[in-house]
């Protein structure tokens, strides 16, 4: 499929933005080899731009970013998109305000996914960024794995947020069991990558907290979580500068 | 509020010093994103200079540092000060000799705060710098959290040092429970940041010591703690060069 | 022994390739000092090229790479080859399609070898690259150690893969008990080093998974392992770009 | 005291060598701040050259290195020598072939010292470099601490090697309980620093081995330790190049 000319300027800008966000994964030390992928979306939410599958970051160029529609059709691109494309598109469709999505295999977050456990909210570093535990989704069934695997991965994430009544804005990251983290942003692809770094740092702190407490730490108290989340993200937020 | 002209030279120098100390947090790997903040104080202890809230280290400039008085009023500055400002000012008022204060979310120190435990004095690396365990303050009550939170954080630190009879000079760092470390210096903002790095290193060693000992390590013997603390900081200190 | 002129061009290219792969060990942080070694092989599998023994990476040059035949005779080279040479040559003889072999003392993989345990397949990061656990070979007997030690190391690796019916392509790495990892590639020496980095990352994640789960994590489910291994390496692989 | 002119050339060279070795501690990431110290000795073993006490690595210069005699008298130098000077001189006197000594607070080795445990010889990485466990010396008594502390530290190290019949050449490192590692070389100050890095890496691997084995790992088998130590350091050593 080919792209309508009217998207040319927007897509060029978005490719650069998505490329920059992908390269930030390398700068942050969140990926090795060809691991990880970041995507962004056009304003009308018709097209997604995402890292090509299995291409090394060393040789990656902004123009290599792949355009797809939200039904996972590749548009006017020479490369295959990330194999996780159907997970990305499903999350964009579920959440009409999400502007960027990132998937990594960052080691500390992956370790919680491999243990099949939520990242508990042990303190304010976590609560400043994620309201409550970062959930670990249930395992996919063999049928879900053998079917449309990446699409079903998205469905299981959505099921997790619905069944546990988690607000996508308040907790903009999840773990896929035995797999790894996804994070998303309501601002930009870059912001999603910033969150992925935060998640990795929070996961590292949680592992150390488990060691220090002999696997016996308890979640931070509710009032503290409320306070920290809200001083940064609430209606009367006072962290940061006036916008 | 505006600043009296007579402070111009001193404040300009202090802003540079506080800026340099904040950037040192990045160099030392103690912060990511906009996390962490360092402050300094004028000689007459009328004004504090501190990092602006939520501003990225990449774009930070010396002139962006925010001036406040010790009642947390912003003086002649375009940015909001760090949201932790009331904790800083309270500590400056409580300790008329403190010259610089730093707060970070460095992962190993935070992990002890999240586990709600003191960092035990397991050896001479610790004792060279902190006399006895680095205390973890008690949790704030929901009332303290929902009230003047950052001010109350300072009060709980002060309460900890008073009730446990800890000398602010001998142990110039603390952990705020489920939150993270504060450190201070009687010399300069830079020295406070150096202490924050020491604290992080000491916390890392303590975590590994717990692993090796199967969570069963005991504090270093008292005579050794005395010796190391005093050879560096005591009346007859012989570490370092004559001043 | 001297080298037939007809190999000149191929050997020169191979030395460069093997040198580059050895230097990549340093770039990836997998080795310190003179530790680690990478080898490659000529197309007719008559000659192997390998790092010289005990030479520092700082002073290493492409022409320093040592040529041996597959009976471990040094050909036309001024340096001694890596002391692990007989392990390499044996693996090349056992697997006529292997193109590159690497041995490191990377700390996380070594730690599993020291504990005498397989690296369990805890998730998709592992399954994307190694099908099933990365096996830890049995200990060598004192007789095997005191005899042709490096040759016997290769024999024990081969015994492990045979007795446990592991496919050399599906799992192209192993641990030698109380020693460390070997990895090999059916593509190139560089690819073997890429796998060694993957192995180290996977080992790190496995250690953290053990911590989080209180040493109680279970292997990822079979269907997920199948899926991930095959989407990258199976007949209908769809990860990456068309070749 | 002043230095005899006949030492001028040798001392100048030695100061450069000791300076380079001290700076290598920074490059290797084994020290922060002013921690750590390396020394070297003149050929006639009359003078030692060592890092000045408490001077930052950033501002250190070769000419700042301090000369002492083996009775700890400072010779012709503007700075105080490292406070650990009497430990160094005692080890030089005890071992007339030692050419360089290093003390660090590298975190993994310190953690074993803080836990008061030997670093077990879990595998070949260790055995390639240290024959058997790296011993942790007994705690100093309060009398020893309050007396000539640094001298007594040396005495306790010597007592440990004597009572446990450890060969200084076969195991050229030790841990001082609740303090940290010392390492020495029979070649050069630089080689001592290389050993300190090896020790830190080996300690890291040992910590991870304890985690993986649920604190239940056993020492590598004796034949393997013999083999690896001897293939590198024995009479028939075949690791490395002919000298």
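We call the chains A, B, C and D, going by the order they appear; numbering starts again at 1 in every chain.
In this text, a residue touches a chain if its C-beta (ideal position, glycine included) is under 8 Å from a C-beta of that chain, and two chains touch if they have at least 3 such contacts.
Composition by chain, UniProt nomenclature: A, B, C, D = L-ribulose-5-phosphate 4-epimerase.
Please read these numbers as outputs of a predicted model, since none were measured by experiment.
A.B. asks: Identify the chains adjacent to both chain B and chain D in the sense defined at the top.
C.D. replies: In this structure, no chain contacts chain D and also chain B.
A.B. asks: Fitting on CA atoms only, what is the rotation between the copies chain A and chain C? Please report it in degrees, nearest 5.
C.D. replies: So the angle, rounded to a multiple of 5, is 90 degrees.
A.B. asks: Where centres are the averaged C-alpha coordinates, which chain has the largest centre distance to chain D?
C.D. replies: Relative to chain D, the chain with the farthest C-alpha centre is A.
A.B. asks: With chain centres taken as the means of their Cα atoms, state the distance from chain A to chain B in Å.
C.D. replies: For chain A versus chain B, the centre distance works out to 33 Å.
A.B. asks: Please compute the C-alpha centroid of chain A, do the same for chain D, then give the distance between them in whole Å.
C.D. replies: From the centre of chain A to the centre of chain D is 47 Å.
A.B. asks: Could you check chain C for residues that touch two or more other chains and list them?
C.D. replies: As it turns out, chain C has residues touching two or more other chains at 211.
A.B. asks: Write out all the pairs of touching chains, ordered by chain label.
C.D. replies: Those chain pairs which touch are A-B, A-C, B-D, C-D.
A.B. asks: In their complex, what parts of chain A are in touch with chain B?
C.D. replies: Those residues of chain A that touch chain B are 122-125, 194, 197-198, 201, 204-206, 208-209, 211-214, 217, 220-224, 226-227, 231, 238-242.
A.B. asks: Could you pull out which chain A residues touch chain C in their complex?
C.D. replies: By the definition above, chain A touches chain C via 32-35, 52-55, 79-80, 83, 105, 107-108, 110-117, 139-140, 142, 145-146, 149, 178-180, 207, 210-211, 215.
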